[in-house]
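Take a look at the structures below.
Both complexes below contain chain A, partnered by chain B and then by chain C.
Then we have the complex of A and B:
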């Protein structure tokens, strides 16, 4: 039979080499390469999801910030005009300052109070777990409920003022006075988020081996020195995480000031996310709203990068 | 084809994965195409012509929309009018997004003070008043109070059909007046000065705490701030804008008007503005619960009084009176209303259907009154206002008269910016005792920036 005399090499048989069909080519590639391709295939839906719903809109927003767009007409390119007008807008400047103050103070307080709570619970005081559960419940409450409850608590003659009555407080305009409105909003924010980060800190504390503390104790280090020289350095990555994540959370805050103060009195508690909402959906200036959101994004990006560099330098020094 | 060749054709070894995937894809595309074509074919088979209208969520108004739509649809089997409801405060934003995404309905309801924006962007079609049952634009105009049309007529054409239309009044608590030794008939305030003085007499305080506020302005929303301040500004001879479009709320008349607005807190000490900010989602709740004796508000439904304060309802201890003015008997208030419009991008046949439905919708003002009183349709014609059902309703005479005397909110393309700027100014002035002139200067500058930005765009 002629076929039985054929070798496996087609050219040896005088037959020109043919490219195998594409489908076969895929199955003939190396195992390692195929695994990689399968990996890409599995990741692809997630990548597509992020591309369509996250990075796509981000790029779209950046593009939109260079246009004048009222939602009903076609966007028209205006270059950097939106950014230039923001630079000279007193409302934007006040709102930006409010936002930076809000983020800065809230982040510091959330980190300190979250850490303090975690340390307190980690000492093994009685009913610590019950306390932790009770405190964590603040995160499970719907934001609207939180706003309504705090609006009631912060009434000029409400329960908090009543608590302070023995100290001579008859009336405190918590949310209707420019001086106290922002601190009140920050207090509600810390109340809501500190317990969440307390759990994160607690996980970090539990991950520190007891050996370090025993060694330090043998060397005569008291509680403060143990905290300063053992706990804090080993907790640095967690602190970095908490600072960055809480700052990002605060940068996006909207509902708390929107429902409790409406941004007032005046512009005392107006933050950038509220200005973005008003500018886009109330004033129909989508291009300008996009420019404000790009500014907010840039601020948070710079903040995060600075934090990263700071903490990496600290880690290197500790190492 | 012989059996062997058939077998070889059907052999799985001849079908690659690509073939399978391609086949599935082709089948999917085919199915989708068939479905689309099917829908188109069914639409072409003379299904009912659906016309969507976005309306607000007021329960009484919603019921009337549904009722009229059902009757209209029953009388026109080839047409389906579909009223869909949304929260009134969000409806404008919803419509904007609808236009942005190409999903705007054929018709929509809007506040009359938002009409200038829709007009400026050519989003609403001019109405054919003859199709609405009017002989001419003049007869259309004659059927409405002047303020009802001030924001929706342009170049002699009407771009919206007013429906429910109200004016604010001063709602007073008669029991409180008697308790304070005041005669509601003689002592009811007619001027702003009297308003402050009477409010002061009605106020009951325990040191810093108000047991009862004599009078009250709403502090919860920019639109309410505008509605309540607008007549004071106009009564003082002020204007929101000059002929060039510059905001003039910070001139002498504006400062005088704001001084009057703030006097209830600053001069008479008869109001706690922080109280309503901190507590009430429903602005008239303080008045309904008798925590304030006078409140400037739109018509209040008797059922609202009955549900919140049965005693006050049973004793009839309330009355709507004229908004205060600078001179006795010359006070007037802001009017506002809901306007039906036609989407300029809607096909002609749907625009025609909307006209027919709107005409039908507005045809029986007396029936509307029976179902939604004291909220009433705007029309004057038909003599319905003289019907005993109307005249026998508490406060009806004044509530209808106040619409004729009222003034509209300013016709501006930056209404939301103006409202926000004024709201912030009022907050600073009455909550934080800020300087009136400086606060109004800031507000005017903010509005001018918004106007300039709008013009640039």
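Then we have the complex of A and C:
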């Protein structure tokens, strides 16, 4: 997380570069080498784990996507056939579009609402900290509990309809109407994730020194100008981080649409992860499911590469 | 001026409180409706607070399916996954923060890159790997792919980087071993990050759905989210009892959060908050 700033030189082993006496040199090099080996040993378990459960499976998925495989007979090589048939499959096209729309809209709303909440908490209003903790609870609730509560809240005879009734709103079938199903899923997503990013933004806001605001105030800048010329520029790295991480979170979404709408009505809320599961484990088309995985992987790669570039730039600034 | 700002503060509080209620309302409604009478939940004249409380919804729900067993399975897996993340993320975070070895930059990026390989993406091949290990329908099969998470490694690395290297050097000169340095110098300075890692690793494993759905096909290894989905699919299961299970599932995460809250606030970098 970028919020935990590094205050010291990240260069370890800051052993002075003076030449030690010849008799000690051999021992000295051995000492440094031994420390290096400890460093490698600490990282090794994680790397081995990722080789077995991340890199290996991804390479396997790429290979598998070029085959036809049903887990019973041997995989047979079919070249790019899986990708070609996906490209002309209307269900896949709709699902891909849904996923991109879902990621895009959710990410924008999560970022804006998260930032707005953080600014509201940071005004120094009494009990702001308690409000923050209470809102953060939405992020800790088990996803399945979130799904259950919102499925009932959005029920045509549920509480939301009853809350809106005095305002003359007609009964809306939130999750079974193709116009409102996706917005409903997005609303639940924003409800769940915005308070987490509120905390991330808040950490970013607290890291801005008060002096900057005082100086701006002395220069006669009002609150809007202070936000525009002090807060926003200094918060830009945090905003980028929030956008990338929330996009990565949204790309993984499965249970929310699976439970609340079942991907419906029709395919209105079906997303790629659901299509991977159905293709692979309901229809046992492992090759085709692997090809969909590669597409989802490509989407996530765009955001991860963005994040890595940002991360490396921040590292260089600190070094 | 002073008067105006004080009024302003209370108006601000009123607005913020309204926002908070809007966010917390679904959680409160989950709790109240878990005590509601079965036929009142979708009644047209909604009762936000039950006129008659029905705590028997909880034992009824628990006895309807094998929920005690499902909760036990989830707990075992979550404890294993959380403990493993605490150990291995701290080790790897320390290795990346305070050691220089050939290719360390590359290793850092390689670990960061696993963020684009969540289980949803690698679902099919991960299933085949676990199948090859003979771990289908087993605890190690459910927990295995979750044991180490790149996010945790980064959290620990960023926290350990700010521990002064001088402390480590001094301990080394005094002849302390590397593991002892980790345990006695690094860990005591990283409680906030470890608390954040604990709550996130626990929530992540407690929440797992798509992976257990894929790898478990026998009833006695189901985790509670799988049980709840089946429970929900069963026609005629009272929604109030489903809500009771949801409440029971929420308690461990909220409890852990309250227990660790002091450190979590610092771990998030919120110690400056008034």
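FYI, the second predicted complex is superposed on the first by the 273 of 319 C-alpha atoms of A that agree within 3 Å, B and C clash if a C-alpha of one lies under 4 Å from a C-alpha of the other, contacts with A are read in each partner's own complex, and residues count from 1 in each chain.
Throughout what follows, a residue touches a chain if its C-beta (ideal position, glycine included) is under 8 Å from a C-beta of that chain, and two chains touch if they have at least 3 such contacts.
The structure displayed is predicted, hence computed values, not measured ones.
Look at A:211: by the touch rule set out above, it reaches neither chain B nor chain C.
Here chain B and chain C are compared by how many residues of chain A each touches, and C touches more. Look at A:300: by the touch rule set out above, it reaches chain C but stays clear of chain B. In the superposition on chain A, contact of A:259 is made with chain C only, not with chain B. By the touch criterion defined above, A:281 reaches both chain B and chain C.
Judged by the touch definition given at the top, the superposed model places A:178 against chain B, while chain C stays out of reach. Legend: residue contacts after superposition of the two complexes on their common chain; A:85 is shown touching chain B, with no touch to chain C. After overlaying the two complexes on the shared chain, residue contacts for A:155 are found with chain B and with chain C alike. Comparing the two interfaces of chain A, the one with chain B and the one with chain C have residues 151-152, 155, 157-158, 281 in common.
Those residues of chain A that touch chain C in the complex are listed here as 1-15, 35-43, 45-47, 49-50, 52-58, 60-61, 64, 117, 120-121, 123-129, 131-135, 137-138, 140-146, 148-153, 155, 157-159, 162, 191, 195, 199-200, 202-203, 206-207, 248, 252, 254-255, 258-259, 273, 276-277, 280-281, 286, 289-290, 293, 296-297, 300-301, 303-304, 307-308, 311-312. Taken in their complex, chain B has these residues touching chain A: 16-18, 93, 96-97, 99-100, 117, 121, 123, 207-209, 220, 272-275, 277-279, 414, 416-417, 420, 423-425, 427-428, 431-432, 434, 442, 445-446, 449-450, 453, 456-457. The touching residues of chain A, counted against chain B in their complex, run 21-23, 68, 70-73, 76, 81, 85, 89-91, 151-152, 154-158, 170-171, 173-178, 262, 264-267, 278, 281-285, 288. On the chain C side of its complex with chain A, the touching residues are 9-10, 12-13, 15-17, 19-20, 23-24, 26-27, 29-30, 33, 41-42, 44, 46, 48, 88-89, 91-92, 94-101, 104, 107, 109-118, 120-129, 144-145, 147-148, 150, 153-155, 158-159, 161-165, 168-169, 172, 178, 193, 199, 203, 206-207, 209-210, 213-214, 224-225, 228-229, 232, 239, 242-243, 246-247, 249-250, 253-254, 257, 261, 267-270, 272-274.
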